[in-house]
């Protein structure tokens, strides 16, 4: 993980085009540090070289000489929000795939900017095209572009690409086979569904090879995607995937959608269960929740609001309301949950067609606000809710040395809010200032080169 | 198993309309008893009350007074052939499903008659509609109808019915939902794909309930059907299925299509691996073959001839030729193989349409002959080949007390051939006489009431 | 037409199993004879040998000695209702087509009985399977079965059969090609879409051949069916169809759906424009209505009620409301309209599936009542409305010598109502007695052998 | 047509970047002038200001002082070839439509360059996107780009656009509705299938409006496209289209595919019958050929070679071989035929997929050579064959004042061949030099900016 942290640090000098010569002091704010300790009123945070160098009451913290002072009297500061599961390139419609074929990395950077603009300083992309994710991460880490920190998995091991039975088969017979192959291989990078045919030994070797790529963590399919119930990988193969990932020093997560999917991936030793709340046909039984606890697995979840559920078709309502029951049960039992959205950039073209309308839950820049409100609606303790979007994510991904709280030594990623988010989750939307790596982000300029997010539909000429 | 054996015995009295008062002696034949011992020349088999009462050289066997003597000088006699995997109702085309909706049992009896006519005295139906299989089995066992002995599984546990994603989705939007539900439930009987959502405890309970039905053995889905690679059931669920089956005193087999499918079902403790030779994307590794041996599992296989392979499209050739490599490797290693065909009645309507043409491998009355020839083509020892179609099947299904060889005490099921099947597998086709339960079958009259097998296509009027 | 009339007469003797020896006198009724003359109060109708022998005020009509007297004091009598456009076999779902494959004639008779039971003594079937329509007509005309008089066209000349692009393509790939061919040929009888490739001379010859079949009248496609706008047949071909039909002594009607379809078929000289009110994209222009008048064409129409329109999806509402505007405009201009429904038997299976729900407009036994109410809703004069369902239909089909009014010499087809239909169209539903060919119909017994109309959905066993 | 001719002349100065100051004399060539007169050996053609100023034997023609002399001793010169029916933008695959969405005009210019490079100096585009065809024509006529002269129709009146039932419905549900509308409207320009609903008066008005656009000629649908048999427009509507076109001073052609389609459009007074040889289900009857002659209509045809037919599936062979019979019959009867190809740029992506492989007949740069060879195979007189590709096209489009022969006063468009095309049609491929508007074209440089024609399939990275 060290290399990633350093890369992240490397990027600090160029955030929002501000030179990083001088330390920065944020003063007179209520500090909600996400450690679980009570807020610090009239607090000060000092940051230098990208990291927090001091944090505490005004009376306890000395502001270094020459520091730039950012007075935010009466405001609230929280750690930069984190999203445990996004897809910065989620635009799988034919129009986008072809029109922007050479610009996927631009779309990904744009997504990272939408995230950053709305308070997410770090996002974990759990499925996307490797070359483009890598390029985008590099552009941001190098400081060439502003954006949320990106950590990514690349393919979901065991799944074929976007133009396959695992995602959408409507491309077949419409796009040229060559184009379909191009798209699928760009995503799968040698870890496609053929792994399901392999012996567990072979699976282990292929995953070890894949882990040599410059991906930050691994994700594999414990359940199917279109037909969620399938066990997909055998127990032995799952064991092999997790071992190969851990041998390579990466965290490993499993895409799960059934209780057996959860249990088998726990047995395999995964670090993270992805959207473990989405088990559409069965509530997670108490015994299985206890097993999660005992195994120490982190779960990313996809909370929704009642208002959102009201916009959905009947079957989807069931799907989401059951998710909330699972979340509540896991939360009560003490399973460490990580906030996530599965979000990407919602394209105006799909927005114009009801049958394709992407729901707000999966819209970058909106989904995480709604998710936090959703937790509030089921009476989750406000501090715990905040932790699902900060320190829990950092711990789940084993990045809590650098991320997740406002503590000395961590990256200086934080969000200044006009109102208290612990009083009402709606206040997470009251963003005043975003600081990433100790630098104030120029929110007005984001996204810097909008390609998808505000694309005008080309009128008929 | 006892009950089934007795039911089988009950049927003896009415086979081919011959009264069973007197014992029967088959004389002057070369006896190939399938035990592996050398043929007995000038042999005599005496049978009474459905069972073999004596077998040996003419000089060693006394023919009881009053016995009817059937002299077959120069002929060869083998045990009645057995098919480890058929589908007596395989007519999943819409035409057949609807036109014969009230006559599935008639179709099944017709299938059992086609089997018997071509030397198969016992067939194991591994997927079909429960009420109709049960009715057909009863009609035959009670002597009301002539036909091969039927043992059946009903549904493949974990699969939805014929009009589902596990078989064919083309029914959707064409047949009324009500009809689709009717068809699916007729097959699934409460063990459909929803089991994939259940915890292993729930799976165990549902399978225990299902096992209370009057089915002869159980079969479950270790792999998927349409997309063969899916693991389908978790290890834990597979364990639960096998335990529930064994607790109910039934043999349990797994539908497998991948090496991981084979290994996980072996771990679960299955008795039989169904079509374990069909692992289209990977040859079974030697280590896995050793595990089969060690676990004592029986494997049903689907051998084909080179001539048959030549009629297939490229991908299917690959599929079949790889199957033959698996068969050869397993045979050499000593895995007990059981001959099977996956066959049903080939309907003249599909035959008239090239794209629907059912291949001869899956045609009742033809498939098993071709399978035996296929084994000969890869140099399988002739006696071992015969055993795959007799005693191995009996042992795999734990019915070898009654079936599988020509030995005293077993059911008097046998086939008299005009030529030596050990000299050339083609001679299995030279059927002279079929005896089932000690009664000569009137082959000319089979099928007694043909509904599908010779149906004329109704001409336009 | 004589032959048909005679055939109709032949049937009289067996209606409802009543011997026809004695004349029948219906007495003390208000006679609404549909001639346009005012109702006759305290009227008497005498009928004998199937025809009306006297009609008038009680004081003017002598009741023959030995006549059976049917006193219906206070009731109203109207001519038997006629439907200019039905499809007695409209059950084009795969379930019905296959399950009742050998019983189409039974379904047609059942349809004719549903019509008769609800006051329709004569129906004109404008598309259906020739052999079955012929058989059903014969069964009714011969007196073997009770039912409405059937006159039929067989195929719509130029259209392919039910399993084709002209009706439904979903059969392709589901039913065997052989079955599809069987179905299509049963309907088309040599007058399929290939006529669109022929020269007009060839079209003329083929239609002349077709007209030699025992069909009562001809119908051809001036417009397409699925894509209603297509002109389908060239002017020259239309001319040839009409000439061939007239040369054979048959009336000829055109299936029309666009203003150009109407105008070109008028130019060709058709007797009847079928559903000329359904021109979904354009209101019929006044000049074209004048041309209808000048050419003397009859138009069958499909009126609907507002309540019915309210149940429809948006596009269909537009379709129907525009139809009502066309009807009103044609009625005001004096174009002779014929009531029709396009109705068949609504099957309980489609009823059970919302997406297949057949609307009430096209339901035999319901559609004509709704149509008459629909006319009332747009303020059509009650007598004129009645005439659209009686004498106009008879005149359009050139059968008014025998049918359409309550006048001496005509067939004794009539309906006794409990309330005055000229006061409220809802009273058409108040059927007291139906008399066909001078015989009282035993309404309770209809349908005599229900196959489709009350079929119970076979429960899962 | 005058305006167009002038525009064409305007372009002369920039052809192939050669200044046009001096006259040009082509010397010592065998001149095949396409008038039908015998070749002129040792001929000279002098051209100036874009037109031919003298043509004749060397002894009869004076070469102006200062003229540039192009000696081509031993070569053959023919008029620039013309193609009566191309589609310069034929790339209706989703990949091309979206990836090159802003560059259709570039593709069209590229097509015109491929045509010019292979000897076609003039092409008639009979269906394509209006704005882009107009832009491309302007770029070529203005001299900004080199390319064949383009004359175009825009939409086929009565047809919907490329993403519709008239062309391909596979776009539905794949592309956004907005994109589909964009594509369709770009082609149809207000003359879509809704015209089939209109009265003939309305059709006439809409076509008159459309004719005010800057299109060179009109084309309408007398028959359907996907289901070729439909008459589509009524006789009255066809009459209105032709009248509106002629009133606007444009030639009018009809898209025909059936004998009734041909006859009705002849009655309507069309100038040109498009691909009248493609009447797949019926040979054109002799009487109809006589009517073509009598009406003076020109027919564009699509000849193919036997070798080409051998590559086609059975049904297409029938289709093409019947086309050749029609061509032969029309040629023998004296109907003036115009060579055409329906060709566009064949994209390498479709080429890579067998099921999408565009046949060579419709490949720009190849189709016209094959067509000329096809005529030779059915023994068409070589001079007459040449005339189908030159003067006949010019006459059919009423452009023979300027185009079609090598005569004084006409545009100096010609092709110098290394071998005699009248000796063997294969020699049309032996292109030595192409001259358009009196300027030598630099063939090596064409296409100048290849976008589609040599696009490399982007490899997977």
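A, B, C and D are the chain letters, set down in written order, and residue numbers restart from 1 in every chain.
Basically, contacts are C-beta pairs under 8 Å (C-beta built on N, C-alpha and C of every residue); 3 or more make two chains touch, one makes a residue touch a chain.
Since the structure is predicted, the reported quantities are computational estimates derived from the model, not experimental observations.
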> What is the touch distance from chain B to chain D, in steps?
Replying inline: 2
> Going by the stated contact rule, which chains contact chain A and chain B alike?
Replying inline: none
>> Can you tell me which chain lies farthest from chain C, using the average of the Cα atoms as each chain's centre?
In response: A
>> With centres defined as the mean C-alpha position, give me the chain C-chain D separation in Å.
In response: 53
> CA centre of chain A versus CA centre of chain C: separation in Å?
Replying inline: 66
>> From the mean C-alpha coordinate of chain B to that of chain C, what's the distance rounded to whole Å?
In response: 56
>> Could you list, by residue number, the parts of chain A that touch chain D in their complex?
In response: 93-95, 98-99, 101, 131, 170-171, 173-179, 181-182, 185-186, 349-350, 352-353, 356, 457-458, 460-461
> For the complex, which residues does chain D have touching chain C?
Replying inline: 165, 193-194, 196-200, 224, 227, 229-237, 258-261, 263-264, 279-282, 285, 288
